[in-house]
Structures are given as C-alpha cells and as structure tokens.
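Below you will find the structure I want to go over with you.
In this document, chain identifiers A, B, C, D and E correspond to the written order of the chains, with residue numbering beginning at 1 in each.
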Amino acid sequence: MLLEAAGIKKVFGKLTALDGAALNVGENEFHGLIGPNGSGKSTLMKCIAGAEVPTQGKVSFVNTDITAFTPTERARAGMSLKFQITSVLPSLTLYDNILLALQAQSSLFDLVFSRTRGALHDQVMTMLTQFRLADRAFDAAAALSHGQQQWLEIAMALAGKPKLLLLDEPTGGMSLEERRVTGELLQPIKRHCSLVIVEHDLDFIRDICDRLTVLDQGKVLASGTVSEIQANTSVQEIYLRRA
Amino acid sequence: MANAFVAAFEILSFGAIIVLIVLGLGIIASMMGIFNFAQGEFVLLGAYITYLTYAKGLPIWAGMVAAPFVVGALGFVLEALIIRRFYAAPIVAMLGTYALGLIIREAVRGLIGGFYLTVPEPIGGSIDIGAMHISAWRFTIIIITLLVMGLCYLLLSRTSFGLRVRATLENPSLARASGISTPLIYGATFAFGAALAGLAGALIVPVFSLFADLGLRFLIQGFVAVMVGGVGSFIGPVAGAGVIGTLSAALPWVMAPVVADVLVFVLAIVFIKFRPQGLIAGKGV
Amino acid sequence: MSVVREAIVADVDDEMDGAMAEGAAAERANDRAKAGRKILPIIEGLVLLAALLAPLVLQDYLTVFATRVIILALFALSFDLVWGYAGIMSFGQALFFGSAGYGVALLARDLDITNIFLVLPAGTLIGLTFALLLGGFLLLGRHPSSVIFVSLGTLTGSYAADRLARGWYYLGGQNGIPSIAPMSLGSYDFTEGPAFYYLVLGILVVVYLLCRFLVRSQFGLALAGLRENEQRIAFFGYKAQHLKAIIFTIGGAVAGLAGSLYAFHEGFVWPNMVGVVVSTQVVLYVLFGGSGTLIGAVIGAVIVEGVSFWLSDNYREIWPIILGLLLLLVILFRPLGLISFVLGERERVGSFGAKQKETRNAP
Amino acid sequence: PAPWANAAEAPIKVGIATDLTGPIAYAGNADANVAKMVIKEINAAGGLLGRPLELYIEDTASNESVAVGNVRKLIQRDKVDMVLGGITSSMRNAIKDPIVARGKTLYIYPQLYEGKECTPYLFCTGPTPAQQCDEFIPWLIKNGGKKFALPSANYVWPHTLNVYARKVIESNGGEVVFEEYYPLDQVDFSATVNRIISNKVDVVFNTVIPPGVGPFFKQLYEAGFLKNGGRLACVYYDENTLNINQAAEIEGLASCLDYFKVLTKENPFDAKIQAAYERDFPGNFLFAAGSAATGTYRGLKLWEAAVKEAGKIDRESVAAALDHAKIAEGPGGPAEMVPGKRHCKMKMYTAVAKSGNYEIVGRSNGLVDPKEC
Amino acid sequence: MPEFLDIKHLDAGYGRSQVLFDVSLGIPWRGGVAVLGRNGAGKTTLMKTIVGELPAWKGEVAFDGRDISRRATQERVRAGIGYVPQEHSVFARMSVRDNLAVGSLASKDTSAIDRVLAIFPKLGQRLDQPAGTLSGGERKMLAIGRAMLGDPKLLLLDEPTEGVWIGVIEEITERLIELAKSIAVIIVEQHLDLALRVADYAYVLDRGRVALQGEAGEVRGNPELMRYLAP
C-alpha cells in the first residue's frame, strides 16, 4: 500500500468531523473519495496532507509513519495537495507559479545558484500547454477565472512529480466538457502516481477511478471498486437522503 | 493591610488608565485590522482640547465632554481622506498612520511650545480613609472606564452596528453585496475608535500633564496589549490592556523599575509566541 | 489556513475595484507600454553614475553627508531584503544595525581594535547573530507567525533593546559611547571625507550586487512565493520557515555591516540607534523609495535623508511637519513608492523563468 | 550689510546647535533666542575686533543622528568659529567629537550637567553638581530633615549627580533611605510614593525628569507627602518647569540654580537682560536657568571677552584666553572660568516655590567653584 | 413594457483588460434566466458588473426602470438585488448565525432565518461555527441562504451548486424553481440540466460576447451550444 490512513479521528470542539475513518491507496491507483457535504472528505484530505493534525489515528506513506510529519516533510516524501479553495500565488505569473512548484525540493544551493533554472523551462511550458494555459504564461495568476485557476492548481500539484496526488474537488466550476478534459489530463499520470480525488460528480469519478471510498458523518460507509460501491445499498440510501 | 489596599488601588487605577487608552486602539486594530500609529496623537488631541478649554477659562469638564466628539469627528474626516486607502495593505497603513501621527504631534508641539503643562482635575484632591489617601480623580477614571467599557460592549454586542462592522471589515465586497454601506461603517468605526482615544486623552491629562509626546508614550504599550489580548474582538484588547497595565504598575513594587520595564515586554512577547491568538481568541464581540 | 487565506484574497479583491481600479488600469497600461523594455537596469546605472561623481561636484561637508546617506542606504537594503522580498515585516531592523554599532564601538573603546578587516566582519557577525536569535525565536516554531506578530515582535525587541541600552551602564546608558576612534587600515585612518565615501560606496555596490544576484535567483522566486502565501508553498515542500529565517539573518548581517560603518563614520553610538525611531526610519526609506526593488530602497534613503537635511535648513521650526506631510502624500498616492512612477508592477514583481524573452511574444 | 561696509574682515561666525524641535524644544528655542539677543547686542556695540558677528543656528532635534549631520553643516559648510549648544548630555556626547576632535573647533556647552566633561576645547558654562549641591543640601537638611530619598531617571546625569549628592548628604549628617532609578518615560510611581511615605522620608531629592516628574509629584502630593511636612527638592526646576504641576502640588519645592527671575527685583543687570529678552521674544520660551538659557548667555559673553583679549579668532588663541575669561555681569551675577578647568565659577541661589513662583531663600557667598577636572 | 433588469451594450473588465463586449440582456420580472459559457467566458464578470462590484465601462444597466450603473453596490442590493458570489461568498471569521444575521439586516422578518434553516438543516447544526471552517458544500448553502434572507427581487447566483452534494442540489433546484415563480433569478451554472430546469430563457457567453440566446428548450436543442461550452 502506498498510503494507509487508519482510525483517523478529528474533533473540532463539540463536533466529531472524522470518527475512525480509514483510507488505503495502492500504487498507481486512482481512488475516489465521495460523500455528502460535511461528511469529512476535505478534513480527511487535510489530515493526510498535514494541514490538520488528527486527534487520533495513524497515517503511513510508503511504509513510513508520517503522522507527526509537517506538511513540508510530507510534500518532500512525495505527497501533493490541491485545496478545495483555490490558492494560487496571485501576483506571480503562471510560469512562475509552475516553476515554484517544480523546484520545491531543490537544495538551497541549487536555488541560490539557479542551476536548475534552464533545464526546467521546457517542463514548465509543457505543463502550461497541457493545461491550455500556455498563452497566458506571463499573466499574473490573479487574472485567471475560477476554472482556469483550478487548472493551474492541478498543474502545480502535479509539477512536483508526487507519488500521491490529493485533489479536493478539482472540477468545481467546470463545464462538462472541461471536466472531460480534466479527466483526460489526469489519465496519463497514472503511470507514475496515485490519486485521491474528492468529487461530487459521480460520472466523472466513475470514469477515472479504480476504487471508491464513501464517507458519511465521519465514518467510512463503504470502500471498494466502483462497481462494488454502485451495488452497495447503504450507499444508494444516502444518495436518496436529504443532507 | 491598609498598605495593601492602597497598592491594589494604585495598580488597578493604572490598569484602568491603560485600558481606557487601549479601548480605541483595540477597536481600530481588532475590527479594522489597522494598527493605527496615530492613535497616540488622538489621545494627545483629546488632552489638548481639554487643556484649551481650561486655558480659555471654561470649565474643564466641558472640554472633557467635547474632546471625544471633536476627535471623533476628526477621525471620521481622516478616515474618508486617508485611512480608507489603507485597508488592503496593513503595513502601509502602519506607515501612513505613523506619518499622520508625526504631523499631528509636531503641530501640537508647536501649539503648546513643547512645554509640559498642567491641567487640574475637575474632581481634585484625595479621598481619605483613615491614614490612607486615594486620588479622587483616579477613582473617577476607574468608574468612567468601567462605564465606557460596558457601553462599548453593549453597542457592539446588542446592536446590529457590531455585526455590520465585523462583516464590513472581514469581507467588504461581500458586505456591500449584503447591502451594507461599507464607507459609512468604516468611517463610523474609525471615528468611534478615535473618539475613545480623545476621551482617554481628556481624562488622563490631569494625571500626566499635557505634552506633545503624551500619546506616543502609551503607543507601544498599547500595541503589545492588543496582541496579548488577541486581535479580532473587542474584549481581547481590553483584557490585554488590563493585564499589561496592572503588570507594569505592579512589578515596580517588587523589583527594580528598570528591570520591570523591560520584563513586561519580554513576558508579553514570549506569551504571544506561545499563544499567538492571545488571551481571548478573536471571535464575536 | 483557508480562513486566513480567504480573508486576504477578499482584501485583494477589494483593492481591485472602486477608486483603485483606475490606478491599476494606469499601471497596467504602463506595463503594456514597457513590456520587453527593462527600466530597472537604467535606473540602477544612473544612480551608480551619480554616486560615483558625487564627491567631485559636492562640497566637502556634503560628501560627508552623502557618505552617511550611503551607509543608511545599505541599511535600507537590509530591510528591503527582508520585507520587500520575503514579506517579513521587521519593525526592529535597528536592533541589528545598532547592536553592531555598539559592538564595534566597544571593540574600539575597550580593546583598541579599529582595523577595518576586523571591525567590519565583527559588526556583520553581530548583526547576523542577533538576527538569527530573534528571527529564530519569532519565525520558527509550530505556529507560523503572522505578519502582525512579527512586526510587533521585532518592534518590541527593538524597543526593549533601546531600553536596555539606556539602562546599561557599561554601554554608556542614555549617553551612549562617544568619541570612537576612527576605523583604520594599517596606519591609515578613515576619517570622514572622499576616501570614506568611496569605501562605503564600494561596499554598497558589492552588497547590492550580491543581493541582486540573490533575489533574481530561484531563491528569489521562493521568496516571492513566501511573500504571497507562506503556507501554500510549504505544501509544495519548501521549508518556508527556514527560508524566512535565512533571509532574515542575511538582512541582519547587512544591517550589522551598515551599523558598524555608521558607528565609525559618526564617531559615536547611542541608544536610539537600536531603537524604534531608527527602526521606523528605515521602513520609511524603503516604503518611500519602493519596496521590493533593491534600488528603491537606495533611492528612498537618499531622498528621505536629503529632503530632511534640506528642510531642517530651510524650515527650521516646522520641518518635521513638512516631512510628515511629504511621507503621507507619497504613501497615499504612491503606495508602491516613488519608483512606481517609472516602474511597472510586472517588472517589480519580476519574472523568474529562464529564456523568458523568447517566450515573451505571448500576449 | 551697510554698517559693516568697511569692516576689517569678513564676519565672525557663531554656530548654535540646539533642540529647536523635539521633546525639549522649549529649552532649545529659548537658547537660540538668547543667542540672537546677545549677538545683536554685540553687533550693536560695534562687533568684535571690528568685525560683525554672524549667527548660524542648526537644529539638533533631540535626535543625535540628525544633530551630527546638522552640526557638520556648521563646521564644514559654514565654517563657524565656535559652536555653542547641546542641552542633554547625550547630545553633547554626540556632537562634541564632530566639533572638537574631527572639526577642530571650539565648543561651549551651556547646560547644568553631571560634570566630568574634561575634553580640551570644550568649555562648560552651566552649573556642576558641586555648585548645585554643596550649599543646597545642607540647607535641605536644615529646612527639611535628615532622611533623603533619591528617586531618579535612569540616565547618566542622575546617576552621577546622586553620587555627589549622597556624599554631601552623608557628610552633613543626613541619610539616604533609598536611591532608585526609573525608565525615562515611566509615568506611574505608586510603588515609589509608597516607599517614600512608609519610610517617613523628609526630603525627596528628585532627579526624575519629564514626563515622569509631573505624575510623580502629583502622586506624592495626593499621598499626603507635603501635608505631612515633606520637602521636595529638584535642582533643574526653573520657571519653565513650574507649570508641569499645579501650584499646590509642588508648594515648597526647593531648587538651586544660577539664576531665578525674582532676582530681577534686586539686581538691575538681571532686570535689564530679562527685559531685553522679553521685549525681543515675548512668547512662551522663558529665559530660565534650568533650560540652559543663562549658560548660553554666560558662554557667549565669556567667549566675547576671550576673543577681545586674544585679539584674533583662531581656536588656540581663543581657547587660551577663554581659559581664564571673566565677565563682571551676567545672569545672576559675575562669572569667571577656572583656569585650566574649562568650567565656570558663578553665584548660586536656592529658591523655594510659593504658589507658583520662586522665592529666594539662600544665596552663595560670592562665586562657587565648579570643582571639576 | 421595459424589462426588470435591462442591460444594454455593456462593456466591462479589469484594469485595462476588457472582458465583456457589448453585452445586452433583458431579465423579466419573474422567472429564471441562465447565463452559460465556458471557463473564462465572462460570466462572473457579468454578475459583478450587475451588482456593481465592477464599474461598467460603457453601456447601461437599468433596474426596475432606473439606471443604476452609477450606483454603489450596497444601494443596488438595497434596491432589491441579491447576490451569491462564486468565491468568498461567506464571512469566514463570523459564525454561521452572524452570517445569516447579516443577510437579514434589511428585513424585519425574524422568521425568515427559520425558513432558511428548514431548507438547509445542516446549517442549523453549525450555527456557532465560524463560516470559514464549514465544508465546501455547507458554505454554498450558507451563501444562498444569506442572499435569500435579503428578500431580493432579483437574485444572482454564480455557480450555486459547485461542490454541493447531489441530494442537496436537487433541493436547491426545487427551491429555485419555486422562487423563480415570484422573483427574477439569474443563474450561472455548469450543470446544464439544472440551469435549464430553473431557467425559462438562456444566454450563452463566449469570450465576453453573447453568442446565443433564446428560450431554454431552444438553446438546449441548439447544435451550436456544445461548441460554445467546450473549451
């Protein structure tokens, strides 16, 4: 297993947002995380990426216990997160946003003496081209529309060549067609990377994921292949229930 | 015993003075996110107005009543002309208000000739209880501070003014989209903070005499108090001011004043380091 | 984190509309016009030229004054590095400047050490050490520190140091340490004058070039990311806090270098030099000139000092008021500093990609 | 200008560096006014060595860094022949090197101070601790009591003065109950007042300075110190500082200085300069001893005498003459430099505040020795 | 009869870059209108211009028969325009309760809040939580609820269902259809089906211009449509 999160509990004051949730993701697996609003998906993602400290539970990644790691250490171990709320670096150019993400793990020496700068140029432009942002490479990121920012963020999250990519609602605000394109963009990374993706769009999830985990009220309701989940009656139930 | 009582009173009264001074600063810092370096000069102006009425032969209390209104009005005007441009950039705001403070301070220095001038208390003398003497005016200040604090609290918690202020300062465009007139709210809040400073200046000038650096003297102490108390609420800075004020009056009772002076700041900064949200984490009023 | 971020973004949004929109529009127009053309190198060249020629045309006393200003420009540079590039608001930069000044003054007073090759490194080291300590305390740790915390923390640090210097007898208390012997090189004494001027100018140019190299390297990009959103880049794997501590320490070292030069040039040190007044002054230089451009810091120092020098001559009793008004006007109408008259936003933030010129044909 | 059309040479340049802005601007402005008055007087009487005097005034702004820059203007640009100024000791320290050592110019420091300034070419014309304490403290013991408290601002002047004062107190049979230092801007003195009251101190020999001194005296008064017969003493208190407190709060405060305005009643020369000053400068900046105004007057006049004696204006000659210069008339009486000491003998007066004015209660027999260097 | 909201030849943008070009649209007194378009087409920009967050460069925005293109946002809102922004749509540091209270500042009707809570029961459980810590979907619900509390006569919704769970989307859709019977609703939505269920009429923006418009069904069936929505 690439990622094993077990018994994750997260308490906010009176509210228990996660109550013993677990998530297992294998190598090169695309894993969907679904569930009603407030079921704890984002919180679980944050606990994995280190943005929140779980009250209880253990996260291990590539067979290392990373529960006590800082976000930086997790990123350096090969984890990358796209937040639900977009957070690109607004006054930097798109180019620099990608470049920044690309060389996050360079040594201080490399940074100061800029030894990687030239070599990265093609990578940056490739990423921008892939995400159809190349013509705006030298605009400030703040000038992008919401959907465009989502793409930029995915590109940035991918830039660091993570072993595990965590995407929290990457297609929010995208049209059907754009979702399709996003799906296509994500497919090729399967060769070198696993993915955990939170999405409400079931069609999208179905198309790209191998396995799904369903959260409800902080607990795992079901976990399995897409067809297993579709057949699961308790899952069908919550789809009918009002939030 | 009697001694302890006097000590407690004196320490408390200085605490109250600091609270009074920090009230306006805290409101502007907490609610508007502006660390107003000119706040000390609003205190100074309040003091100066009181002095003027006294020098013109009018009753002092009249000056004390007028001070918050005049300074508040000035605050309203300054907000519209100057402060308004700073909301997006808190650091620029610090520098801008610093420059503003410099202008006011030097202008007042010119007006009072750089002197230290006494202003008598409207209620002078001391309250004698046996062998103990308690300053009548300091006692009055404690009472007024409590009253003003209470009123501010009510205003912010019981009326929709507080709600509007918080909404405006948190997300101005959304506030406008909720029908709140943000320019008016900004102006009113700043004016309110300035008026409180003016009131503080008016009340403390009999204690400390009038001089151009009167407000400046309390500024850094005020900022530290706001941080210790916690930015983002009304109560936070008040609590912080109470702690800093009483601490800086109390420590000299037990150690060399020079050491006490530095110690207060060191303690404060260490405290903030380990509790960045301050005494009272900033929510609500 | 999202909460804070959201609030900040909201602020930025707010800036985009209303009255600001016109300013932004003009700026962008500037940008467009200047796309492809670089303004900064031209300004830098002009300033250097002026600095080189200054002693030839200035009267002696003005050369001495100019030396002082250049030292202050060096000091301003240290602050710009920390604030303009890394977004760390050091409201206590004087602490490093002044403590280095005190350090070399003590070396000169108590150990008779004035050799330039000893005192300048010593001063730099003192600045560096103090910055490392204070920066380590304020910037590292579990909770990432807010801008306001850091600014008030450094301010308080500088305030407390000022108090300490005033109270501490060994340091001369309120009166400071007067009559410091001149800095020496063998038997040559650097007294105020053209030699000192060119020495200081040489140092400024070297430090400037080093800083310029640093902020234009990929390290500079990391700093830019830091300034924009510290938490975000931590999630990429940057050791954000370390980067901050590093740049803060470098800033302290530069301030220390400036402080030791200042102590020898002026011949005395006094508590204000570590205190809030000088701390604020350096912030003003940088803001006035334009933060985030190294040359802006230099220009700011020159103009603020020059203007106060002139004002105190010509408006003797009210010059602080006039100075305050000028500052206020610049801050109000040119929040990005005087340099923004000629420099567009894009060039100020800079662009860190390689071979960007070839790619620049994009709209 | 016309009257000087046939002056022998170009004007003699007098530099004044003082606090025209900043926290002690009231004193600095008074000093600058005195200088204008004296220079005008000398020029009206035909100048010096047949040459007119020209006055150059620069601001020290209570900011040492600004001060050094501005003083250099005097020295290097205006090339003045002498600089007089600086009020606080820290200012003197900051500017003395640019003037005396690096600037090779004569420097006169006019303010009462802690003593121990023995730099060549630096002449002090204000009172020293010996002059302020030697007769004052015995008077205090007689008219106040034996138990002294020395509350002080934490800087050089109080520290050094207190060392001297303590010696005098103890050698006159008095006792120092406590000596304590406060940050310069401390404004709450409840702990101190409490110690004073509970230790039954007779005399508070105060060296707390503004802004703290106002609240300190007030708290002391409110605690009943004066009512119980305590005596306040403060050696820098002059007419400028009287207004810091209401008259009742400092009733009976004793000070010891080289001049008080009441002297105009008995001393025609004092009446003359006081009147001249008030005519020329009717504003708020008073001609007062604690603000170095009298020291400035004395300094300029002593320098005038020295230049006259030397017959030339170069530093060596003037310094040599100034070393033993005398004036027969000055504020408070005659004054003369103590040869080799670069300090000044003068008459000293003890005065007590009575409902907002001073009354002279004691005076030295002749000139008092500064006992410095 | 004039349209309720009448936009004529509108140009707008950010700084120097123009985003909207000669956009004209009319919104009737009641009923839903959908604004469609791919990412970056200018939908959000249009909304911001209507509500006054962005100034109109050229053209006219008339609301209820009066030209409002020079009025401040808050005045437009008080005149009856409600707005749910796409991003930053809640007061993050304020509690849910206070967010709702801000929404109902203008109206005297205290039971309105209860009605909103009945629609979004989830919010009822989160009343004292800072809105910034709400989950993505909860935040949207809050934003919609807040806008509804102002009793708007015209409601602008910029992607109201982004990040919202299917079950709730259904709920929201029903509410909007209901609302559109009594007031005017402009909805920007990626969920084409949802948008066209709420809307009677639709505009499709492409690169800042109105590329297509017509009755909802008509637009749905238009073969051109997909060309404008695909990137």
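Please note the rule applied: a residue touches a chain if its C-beta (ideal position, glycine included) is under 8 Å from a C-beta of that chain, and two chains touch if they have at least 3 such contacts.
Source: prediction; values computed, not measured.
*Asks:* How short can a chain-to-chain path be from chain A to chain D, counted in steps between touching chains?
*Replies:* 2
*Asks:* Looking at CA centres, what chain is most distant from chain E?
*Replies:* D
*Asks:* Hey, which chain ends up farthest from chain B, C-alpha centres compared?
*Replies:* A
*Asks:* Find the geometric centre of each of chain D and chain E from their Cα atoms only, then give the gap between the two centres in Å, rounded to an integer.
*Replies:* 75
*Asks:* Can you compute the centre-to-centre distance for chain B and chain C, using the mean CA position of each chain? Integer Å is fine.
*Replies:* Centre separation, chain B to chain C: 31 Å.
*Asks:* Using CA atom averages as chain centres, what separation in Å is found between chain B and chain D?
*Replies:* 36
*Asks:* Approximately how many whole Å separate the CA-defined centres of chain A and chain C?
*Replies:* Result: the chain centres lie 40 Å from each other.
*Asks:* Out of chain D, which residues touch more than one other chain, so two or more?
*Replies:* 21, 29, 154, 181, 183
*Asks:* What are the residues of chain B that contact at least two other chains?
*Replies:* 106, 170-171, 173-174, 258, 261
*Asks:* Provide the list of chain C residues touching at least two other chains, using ranges where the numbers run on.
*Replies:* Only 2, 6-7, 9-10, 12-13, 17, 163, 167, 317, 320 qualify.
*Asks:* Provide the residue numbers of chain D that touch chain C in the complex, in ascending order.
*Replies:* It comes out as residues 20-21, 29, 57-59, 61, 63-66, 68-70, 72-73, 75-77, 88-90, 93-94, 96-98, 101-102, 119, 154-156, 159, 181, 183-184.
*Asks:* Which residues of chain C touch chain D in their complex?
*Replies:* 59-62, 64-65, 68, 163, 166-167, 169, 172-176, 178-180, 191-192, 266-268, 270, 272-273, 277-278, 308-309, 312-313, 316-317, 319-320
*Asks:* Can you list the residues on chain E that touch chain B in the complex?
*Replies:* 51-53, 72-74, 77-78, 83, 85, 88-95, 98, 101-103, 105-106, 130, 146, 150
*Asks:* Hey, which residues of chain D end up touching chain B in the complex?
*Replies:* Contact set of chain D toward chain B: 21-26, 29, 154, 180-183, 185-188, 190-192, 194, 198, 210-211, 214-215, 218-219, 222-224, 240-241, 243-246, 283-285.
*Asks:* Residues of chain A touching chain C in their complex?
*Replies:* Against chain C, chain A makes touches at 49-51, 70-72, 75-76, 80-81, 83-85, 87, 89-93, 95-96, 99-101, 103-106, 108, 110-114, 116-118, 120-121, 124-125, 134-138, 140, 142, 156, 160.
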